[in-house]
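Paired with subunit B in one complex and with subunit C in the other, subunit A is shared by the two complexes that follow.
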Partner chain A sequence: MDTLALGLEHILTLPTLAAIVVGTVLGVVVGVLPGLGSVIGITMVLPFTFTMPQIPALALMLGIYCGSVYGGSISAIVINTPGTPQAAATALDGFPMAQRGDAGLAIGWATTASTIGGLFSVGVLVLAAPQLAAFSLNFTVIEYFALGVFALICIANVSRGAMAKGLLSGVIGLFLATVGVDQVTGDMRFTFDNFEMTAGISLIPAIVGLFALSEMFVRASESHVVKESIAYKVGIRLPRLTDWRGRLGILLKSCLIGSFVGALPGTGAATAAFISYSEAKRSSRNRDKLGTGEPDGIISAESANNAVTGSAMVPTLALGIPGDPVTAVMLGTFIVHGLTPGPRLFSEHLDLVYAIFFILVAVNVAMFIVGAIGAQAFTRVLRVPEPLLMTTVVVISLIGAYGVRGNPIDLITAFVAGIGGFLLRKNGFPLAPMVIGMVLSQMIENSLRQGLLITRGDFLAFFQRPISLTLFVLTFAILVWPLVRRLLGRGKGATLDEGNLE
Partner chain B sequence: MARVSWTTVVGGVTLLVTAFLFYHTFDPAYDVSILTAGRGPVFFPRILLGFMFVLSAVVLVEGRFEAPRAITRHQALLVGATLAVTGLYIWGITAAGFLISTVAYVFVLPWLLGYRNAVAIVLVTALYPVGVWYVFQKVFLIILPSSPWFDSF
Partner chain C sequence: MRGSRYSVPALAGALVLALGVAGAQAFPDKPVTIIVPFKAGGGTDITTRTLAGPMAQALGGDIVVKNTAGAGGTIGAAETARAKADGYTIGMMPVGPMTTQPHLRKLPYAPDSFDYICQAYSAPSSLVVRKDSKFNNLADMIAFAKANPGKLNYGIQAVGSIPHVAGLGLAEAAGIDFQFIPFKGSAPTFKAMLDGTVDMFVAHISFLTKNGDQVKSIAMLMDHRVDTAKDLPTAKDQGIDLNFPIWGGLVAPKGIPADARAKLEKACEAGMKSAAFSERMAQLRMPVTYLGGDDFKAFVMSEFAKNEKLLRKAGLKKN
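== the complex of A and B ==
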């Protein structure tokens, strides 16, 4: 109880409350603008957090995370262009509603459903994360090795139709993180006698390059410029309580789908939104109207994608294993701020864990208020000319890349990663596995080497422990399932997932 | 000669780089410790490079079945110019300081990306770099690279 009160005390300070509001507003802005999204948003604010205390810094980043998932729905509704891939399903019914003059009501449905979905997922996080952390105390290095491989394969495998590319991207990420000092022997690896390289390839500059710089290069290659002259004037109209009658089932089902999908590695909010939308199309009372401007479509997509935010933090906080690039960046920024997620976080810093829970609740409440008050202002953000916007984003992101260590090599890393990210994206290589690979590399390598020491070099002994065996079997099943589907002739159906949407 | 897809090119380059790095792992510099029982500094990277080699080969072969992506001369020039300007900017941050290079970058890049509102570009160029520099350097106390010609920035 004391730690609970301490957790609450952590967030009831002016800097933290201000960070929650500012983070949520910035998150919504980043979400509204097509192409930016959660990862770029978090890397953009990272330099601002370097000198901030730990809790306000976390509050700012969690605000960006949740706000950006919601913000994508506004542009999806108003201009039929989802601000983030997570909001793609929202456009299916949101834009038709806007076309018939109900844009304000559509934003109202999206705001309410997003808030409920977000709060639901915080509940899941509160219930599941401590249990998972407690369970993971049974894990040895062998289980952690199996878990790391499982998470990476899941993420690489999400890129259906490009499985080899996804796997290659993941393995490249694993390899990049081995550059620099070997943690076990202290020897230099792949530095080619370059002193700057001894510090290794840092995660944040790589992410800045892979996401922010490559986004600019991709836009340059597509000559994609948003027109300035379009006038967007949209308010918000919240649905009445009676309007919810008959829709609560869809809401609950979507929250459950989002929470479940979010906790799985390699899936993400876009996948959750589309699964939930498909379920609404199957089971909604108004299924015949879906796609023509039916609120059930908005409810299913928005509650599901926001329900991912809390549950995606379950493996991240409890095991230190991120499920997608957003939580990978969050993990990296947590570490920058001296917070190492994993079971020990729950045993040694429970007050911080509670503080994160409270922050997420506050962020979701702030999201509702911010959405209700500022919807009209957010649509005006869409008027910012894209070339100016991208320039300012790149400058701030590069400060984030440089500021982590103050090492100029990080700027070069970001630039090289930007070129690499551009080439990979243009050729259908997903970037998510590479980021997750970089995050998991050290854990996978250390647990493999320590495991082999424990088993005296017998790798087959890794398969003799029930938890690791289960994880290896699941990994194998995930790897071969697409091949089996293809052999059975069912693998050619269109798939829509976050990997493709990236 | 048949045109190859970019995927084939990426697969081929990755294959060559992987082969070189794998060869590099046999450098005598890595024969550092007998105590590691064969699991020295390049034990794990060698496994990864093995996987990378196989996967690069698969991607290379897959790329043979992809149609080559057409890219216009204008697009290629635009991407090349954006890459060059950004590369120069990153070089300039350490060579000429953050503020000076950012002023130049913020002025050039929007124009390069097709934005022609001169007033807006000049305003943003005048305000944004100075604002960002001031906030980080003076408020957040993050030391940004300074110019070799001026004391204060």
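== the complex of A and C ==
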């Protein structure tokens, strides 16, 4: 109890509270702006954190981290361009809802789900960090491969009505991520002897092109007659408590999925959101409406990606292994501040762990407030004349695309992806599967090849491990389930469920 | 004595400033950019940022750190080599992009594309195993490898990296075999060792310092014991001479004005002697190892030739 009080004491100081507010606001802003994301946000403040005292520095970074994961959802909803890759799944239902004129409500769902997801994972962090960290060590490269294959199912779930095109789009995504250095042999692949290409195709510029630029091209190619704009209500509209009826199961499941995926080092919020969306598509009561502006879609994606934030701290703090690229940057700063992550942190510096816990709680509350107040501005953005809005988005997102790693080729990547995305959209190809492909490609390929090196080429050994076997069986079961359901339905003489014909 | 710990850099700074004012054209009259060829928050980045503050003070101008990551650091190295040779763009270039990557594939630069300013760090690497491993020294590990051929998995952070080359050297010297498992960077390699996928890997001494709870060193890969790790036996102590320090230093595109190079060199030395920098290095158990531009150049050239031989022998040198 004393350490708990000490932890609370750590954060109840003016600099820490200020850092929480500033960090969260900054995080939401970099999250909202496409191209700028969590990593850029943290990198921006990195030099300052070196000279700040330990706790405020942590608070600033955690604020940016959580705020940015949430902020990405707002641009996904308002302009159909995920502000960060983590929010790609949120656009699937968020944007259709906004098109109906319910942008405020969509932001309301996203804000509430994000806050609950974030708080849930804070609970996981404080209650089960050592156990969860130990469990994550049961996930070797072989289990990562199985998890990656499992997550691929999501491609089928977001390709509503265009299965063949969705699969093709997914395959293109898987392929694009193979450009550059082959991690296992060190050879160059698909670089056409171009030196700049050896760095590979980076995810953020590709997303900027696929979503932001292609959105601009699509709008430019459409008629110039100013359409009767939908009467948008300005501000946030929180869902009523009764609206949650029948959705709590999805919420809980998504929080669990996010917390679990987050605790696995090397995965991230984007993967968690897609797996969770997949699960909603499978088990939600409203699964047939998913993709058309259904709250369950927003809930599953947003509670899962924010649930990653707390649990990604689990391996970071308990093992010294960053859970995702953002915590990797944070880990470096922890060490500058003399905080040595590892098993002993929980026994020797419990007060610091509690301080981090309180910071995260405060950040999630701050995030809710920033979202509620900021929604006024965000929804007002929809009233900005379209040419002005799109131009601004394009400029900012290109700056972000370049800023990720300072490589000019990323600008070319963004433009090519923009043209490619435009052509794909015009021909009815869904873009989300491509993002899923790019996110999962390296994990699947490299873990398969590392696994085969470890088993000395024995693929059968992949099925002799309980966790990977379970994941393979689940993958198979989920893939054949619609077919089985259809056959059973036909047996009873029922009409064919249209949703399963896709 | 109040302020005494800043007196050396302050004095050096004043000196540099005075020289600058005396010169016809004061370098620097705008911020100097240091390119770090890796992502923000990593070891190279943090070392550079720690150095940048006191170095800027000594230089009498601003220093901006820019991260250009990708392709094992070669993208940032190429950007440095290609930059305008005016002294305002320099790079913190580590061992990999300078002395191993150029042997692995065709690159638009080579070690002679640069002017050398200073060596900023050089720290021993260490062969690490899990804390609960039954191996306590090289002899234990080699005996196991000989009794169980083909059983040991050796994690590497990248193909052709210094840890990989060190592993090849160790296997050859001891007459044993490793199955090398390539990962992407230290974090996943470390994870794979904790979950039992790999038995050992080679890490930077600061890694050992940070993760002392979970790992132990069975051999420091250095030809002498450094002051900051007197207690840890080297491979040489155990009969196998392996010397694989992990180092980096400031370089500029070839042909920068001699005056700018001299000022940067002085500022680098002053920055490295500052209290802020040496305290940080001590925290990580890294020795402070300043080398001036000429010595650093000679060192890089000899390492470049040494690694060429090792990579050729391993069949990794393809051109």
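Criterion: the second predicted complex is superposed on the first by the 272 of 502 C-alpha atoms of A that agree within 3 Å, B and C clash if a C-alpha of one lies under 4 Å from a C-alpha of the other, contacts with A are read in each partner's own complex, and residues count from 1 in each chain.
The criterion applied here is as follows: contacts are C-beta pairs under 8 Å (C-beta built on N, C-alpha and C of every residue); 3 or more make two chains touch, one makes a residue touch a chain.
Computed from a predicted model, the values in this text were never measured in an experiment.
Just subunit B (first), just subunit C (second), both, or neither: which does A:47 touch?
A:47 sits against subunit B and subunit C alike.
Considering only the touch criterion stated at the top, classify A:372 as touching first (subunit B), second (subunit C), both, or neither.
The answer is neither, since A:372 touches no partner chain.
A:406 contacts which: subunit B (first), subunit C (second), both, neither?
both
Regarding the shared-chain residue A:184, is it in contact with subunit B (first), subunit C (second), both, or neither?
Both: A:184 reaches subunit B and subunit C.
Contact-wise, after the overlay, does A:335 reach subunit B, subunit C, both or neither (first, second, both, neither)?
A:335 contacts subunit C only, not subunit B.
For A:195, decide between first (touching subunit B), second (touching subunit C), both and neither.
A:195 contacts subunit C only, not subunit B.
So, does A:132 touch the first partner subunit B, the second partner subunit C, both, or neither?
Neither partner.
According to the stated criteria, A:217 is in contact with first (subunit B), second (subunit C), both, or neither; which is it?
It touches subunit B, and subunit C stays clear.
Figure out whether A:8 sits in contact with subunit B (first) or subunit C (second), or with both, or with neither.
A:8 sits against neither subunit B nor subunit C.
Shared contact residues on subunit A for subunit B and subunit C?
47, 50, 184-185, 188, 406, 453
Under the definition above, what is the set of subunit A residues touching subunit B in their complex?
Residues 47-48, 50-51, 164-165, 167-168, 171-172, 174-175, 178, 182, 184-185, 187-190, 213, 216-217, 219-223, 225, 228, 385-388, 390-392, 394-396, 398-399, 402-403, 406, 408, 411-412, 414-415, 418-419, 422-424, 426-429, 444-445, 448-449, 452-453, 457.
Applying the document's contact rule, which stretches of subunit A touch subunit C when the two form their complex?
39, 42-43, 46-47, 50, 137-141, 180-181, 183-186, 188, 193, 195-196, 198-200, 202, 265-266, 315, 319-322, 325, 328-333, 335-336, 338, 340-344, 405-407, 442, 446, 450, 453-454, 456
Looking at the complex, which residues from subunit C come into contact with subunit A?
39-43, 45-46, 49-50, 65-72, 74-76, 78-79, 104-108, 150, 153, 158-160, 179-184, 187-188, 190-192, 194-197, 210-211, 213-214, 280, 283, 316
Can you check the complex and tell me which residues of subunit B touch subunit A?
These residues of subunit B touch subunit A: 5-7, 10, 14, 21, 24, 29-30, 32-33, 36-45, 48-49, 51-52, 55-56, 58-59, 62, 69, 71, 74-75, 78-79, 82-83, 86-87, 90, 93-94, 102, 105-106, 109-115, 117, 120-121, 124, 128-129, 132, 136, 140-145.
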